[in-house]
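In structure tokens below, several structures.
In what comes next, chain A is part of two complexes: it sits with chain B in the first one and with chain C in the second one.
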Partner chain A sequence: LTYNFSNCDFNKIRVEYDQIIFSDLKKYMNGTKSTQFNYNISCNNPPDCLTEIQRVTFSPTHGCTSLHKEMFAVKTKATLTLQCPGYSGIQINNTQAKKNRKKREVTTNKCLKQASQLLGLWRRFSRIKGN
Partner chain B sequence: GESGYAQNGDLEDAESDDYSFSCYSQLEVNGSRHSLTCAFDDLDINSTNLEFQICESLVEVNCLNFNKLQEIYFIETNKFLLIGDSKICVKLGEKSITCKKMNIVNIVKPEAPFDIRVIYREGAKDFVVTFNTSHLQKMYVKNLIHNVAYRPEKDENNWMHVNLSGTKLTLLQRKLQPDAMYEIKVRSIPSTYFEGFWSEWSPSYHFRTPEKNSAGEMG
Partner chain C sequence: QGEALQLQIVCFNFETVQVTWNASEYPGTNLTFLYKFSGDEAYDQCPNYTLQRGHTAGCLLEAKDQILYFSISNRTHPLLTRSQWVSDYLKPSSPKDVKFLWHQEAVTVTCSDLSYDGLLYEVQHRSTFDPEWQSKEERTCNVTIEGLDAEKCYCFRARVKATESSYGSDTQPSDWSEVTHWQSGEPRDSCQDNQEPPKPKFPKFILIS
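Presenting the complex of A and B:
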């Protein structure tokens, strides 16, 4: 399910990230050094950044299938739903997620790496002006 | 607020009674748990069998029921999403009598500041006022406006006010009455993104200003 983020209210998303989501993301990363992972995902403009943020947040990957359940992810979905007309959020492929659940508990480091990519993507989104 | 859903039958008197209510939230009031407190505006209302419920913008649940403590309805939870409006309803059994749409981040009442102190600096001829607030350690409601109020004790209604965002303030000696006992207190209100109400006042602190010496100066 792909969505075009061009019509979102980027300023409101920035404020909600800054005031709400950032705290939860930092809490999730608690104890992880910012230098522990290097950022290898970037984005060029606000819609592009939100596309990447959604992908990294909600698409289960090998070794990290449950990031979407974390508080910061739930709130990311809420702000995208609120500030992006027509956005209905990604329907997680539950069968895929359930199958890998046991692995997720062992390899949370992969989730931390993904979360640190999100920090980079959100920081980039917050800095790129343009509405 | 949203109009009530008063029906006929046992809710006949619901039509005449005013079930308007007000609420305030306190974020991270107990670790990462938030609280929401509601009460009827009309204190004389017969609240027997009336319950409060919040729905929407919650994590993992659709609705939460309030606990009732005398005439106050209260929830403590970490399930507030803090994004988007919630719907708070007064319920009689399963019937909603009246509902209101509220956003938890817009009805924040900060915790009262504390530990207000005043130190006199003879050299600088001023008083340094400091106080503390639990909001410095919070994740969300970090930015507040603090309202410091002070008055000579014998001048009941002569409160002077200073608003500041920090927790330190200087009062010039020459701006105060000499040889007088002063009372000082402080309260806080959210200032960035979060909105809401003044906190309760901190406990007051009392201090005395020096007498005037022969040269007409205090000290």
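Presenting the complex of A and C:
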């Protein structure tokens, strides 16, 4: 199920990214040079950015299956649940699919690359003017 | 690949992007710069090369707040292929329409907000008696500085900085705005250095013992 992020409170989400999520993401990326990874996931407006952020954060990929367990991901989920009406309902259905996921794995290079895409998306989201 | 090619990128206020490379590794070679702003587009050739000693040393492009996909090649093969958010290399334009609104011992400095967010507007001031500039910054260009001495002459300047959470750590602050001078709420051409320090204010009462 995909969720439409158009009705979220973007300003509040920006504040929570700025004050909470960003430092966790930065901690996770600690020691990674800004040019270490190429970026290839972009977004154009707040709902589009949140859609990509949700996908990259919570959809496991080959080589990186447990990003959603990281602190920045937990706080992303809490923020979206708080600031996006009806978001939590959708996530309960999606969680059933994740039941058999392995324990949190060591930070792989693939996860660092995925997290750097997230940083690019969050930054883009945070500098788009207006609500 | 490409480690030998030193690169510098500056995004001027999301208006133009300047990519320059250190061509000393490839003397006498015209390196080619191909670019695109979306993963699914075809590469385009640089529309506006900058030259150094008659050979290509950089490319000037129109900017967008997007990922810049680019490749630099010599005659036979690509030397470097990258895709970076141009915003990572932002240099905002310096503040425009800087205005001063004085009220008692405080001044509110305003200027036109830029068209994108995630910035800090910094105002610095000092009087002729202060060795250092003092800074104050706000998220919008509306900065109030209090505790100013009405008699002293002050210099002010302003600039724009990009926040790390919105732009990363490879940005540059804008250039400073022109320095302006003020005394008792009035503009001055300059703050004379030989200006006497203001007389300390004595309390209104005298103790008689």
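Definition applied: the second predicted complex is superposed on the first by the 111 of 131 C-alpha atoms of A that agree within 3 Å, B and C clash if a C-alpha of one lies under 4 Å from a C-alpha of the other, contacts with A are read in each partner's own complex, and residues count from 1 in each chain.
Everything below uses one rule, namely that a residue touches a chain if its C-beta (ideal position, glycine included) is under 8 Å from a C-beta of that chain, and two chains touch if they have at least 3 such contacts.
Predicted, not measured: the structure shown is a model, and the values here were computed from it.
When both complexes are superposed on chain A, chain B and chain C sit side by side without a clash.
In the superposition on chain A, A:Val74 makes contact with chain B only, not with chain C.
By the touch criterion defined above, A:Arg55 lies against neither chain B nor chain C after alignment on the C-alpha atoms of chain A.
By the document's definition of touching, neither partner reaches A:Lys110: not chain B, not chain C. In the superposition on chain A, contact of A:Leu82 is made with chain B only, not with chain C. By the touch criterion defined above, A:Asn40 lies against chain C but remains apart from chain B after alignment on the C-alpha atoms of chain A.
In the superposed model, A:Arg124 lies in contact with chain C only, and not with chain B.
By the touch criterion defined above, A:Tyr17 reaches chain C but does not reach chain B.
Closest CA pair between chain B and chain C after superposition: 5 Å apart. Shared contact residues of chain A with chain B and chain C: 18.
In the complex of the two chains, the chain A residues touching chain C come out as 14, 17-18, 22, 34-35, 38-40, 42, 119-120, 122-124, 126-129. For chain B in complex with chain A, the residues that touch the partner chain are 32, 57, 59, 81-84, 105, 139-140, 192-194. Residues of chain C that touch chain A in their complex: 38-39, 65-67, 82-85, 87-88, 115-118, 163-170. Those residues of chain A whose C-beta lies close enough to touch chain B in the complex are 15-16, 18-20, 23-24, 26-27, 71, 74-75, 78-79, 81-82.
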